[in-house]
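Quick one: the structure is below, and I'll ask about it shortly.
All chains are identified by letter, namely A, B, C, D and E, in their written order; residue positions are counted from 1 within each chain.
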């Protein structure tokens, strides 16, 4: 998993119907990469989170296998890190 | 998932029969990589899209498991970005 | 998927029996990486192809799941690119 | 798999309920990357370990498929490496 | 798949019981990366091999899905490359 900071939401009104309900969040990983992760925990901007990538993000949703390759699996017990957010 | 801009179509007349119907689109991700993603949403050149990579792209098509490793899962609610297209 | 140019064949007489019949081809992707992809299309040196990577390459062969992580899924409708081959 | 050194624990009290019991450990791989791996072996800070990444980390836990993408699969028969820990 | 040269063995006495019998070998890929691959072919130091990475390495072992993410699938028909070994 990767540590990351939530940067904000991403909107995609026209999308595959196979996607479950939840938010698409832009996150910046601690090694500087930006990616879009699916979130069902209600994470907010600036929050420090743990992101799992690859097919395990899809497997979480059971046999439907929605085409998702990144999922926020937890909120780190750290204060929201604004410094990292502005980097 | 990765944000990307659709660059255009790719044609491969001779190909595995296991591939479903849909378009093969060249996309440029926001971090500068170029890859070919499968599209069933009818995305067009210049359109801003969200791309899922890895085996989840195949899983979307059910038990047939076509050999696809990148799928456009949504169209971003952003204007088509010609600047990024010309980068 | 990645665009690539076929560079030639690779021979591995001693190998796992689980591998299906087909060719092991060295390909160079357009971003400069070299990898060995499995081919069932009869692709030849210099041919421009589309390569899928990861477990979807294995999934194509059904429930046997041979340990293959790259598969040529189509031949691009482009002339064989000798320039790229010599890069 | 990657060789890595355990750096310490990571805490995420609010997390998906699908996660099994075990520790979230920060590890630094020998090529300098930092990632969070799941551990069921009781590995400690400074310990030299072997980390498997990707969906195989999830597959270890059987049909529940928890969303984990890195797992410590063994402890290397090497002394704990403090030098690497301080790098 | 990646071409690689076997560098030697890695020992991990304390490890998950789910791992099958076979050797853990350090290999150096031709693009300079070092990783630990599982081997059931009896490959030796200096030998030139083909390595498959990702979940297909696990899938080779059937429904048990051991947490392995790299597997030597064949021995290349090339002389052992000592030069590459010393790089």
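Operating definition for what follows: contacts are C-beta pairs under 8 Å (C-beta built on N, C-alpha and C of every residue); 3 or more make two chains touch, one makes a residue touch a chain.
Note that this is a predicted model, so its numbers are computed, not measured.
Enquirer: Chains shared as neighbours by chain B and chain C?
Expert: none
Enquirer: How big is the gap, in whole Å, between where the Cα atoms of chain C centre and where those of chain E centre?
Expert: Roughly 20 Å separates the two chain centres.
Enquirer: What is the distance in Å between the mean C-alpha positions of chain C and chain D?
Expert: Comparing mean C-alpha positions, chain D is 33 Å from chain C.
Enquirer: Check each residue of chain B and list the ones that touch at least two other chains.
Expert: 54-55, 57
Enquirer: Follow the ring of contacts from chain D, passing to chain E on the first step, and record the chains in turn.
Expert: Start: chain D; next: chain E; complete ring order: D, E, C, B, A.
Enquirer: So in the complex, the part of chain D that touches chain E is made up of which residues?
Expert: 1-3, 30-31, 40-41, 50, 52-57, 59-60, 71, 73-77
Enquirer: Inside the complex, what are the residues of chain B that reach chain C?
Expert: 10-16, 18-19, 24, 33-38, 54-55, 57-58, 65-70
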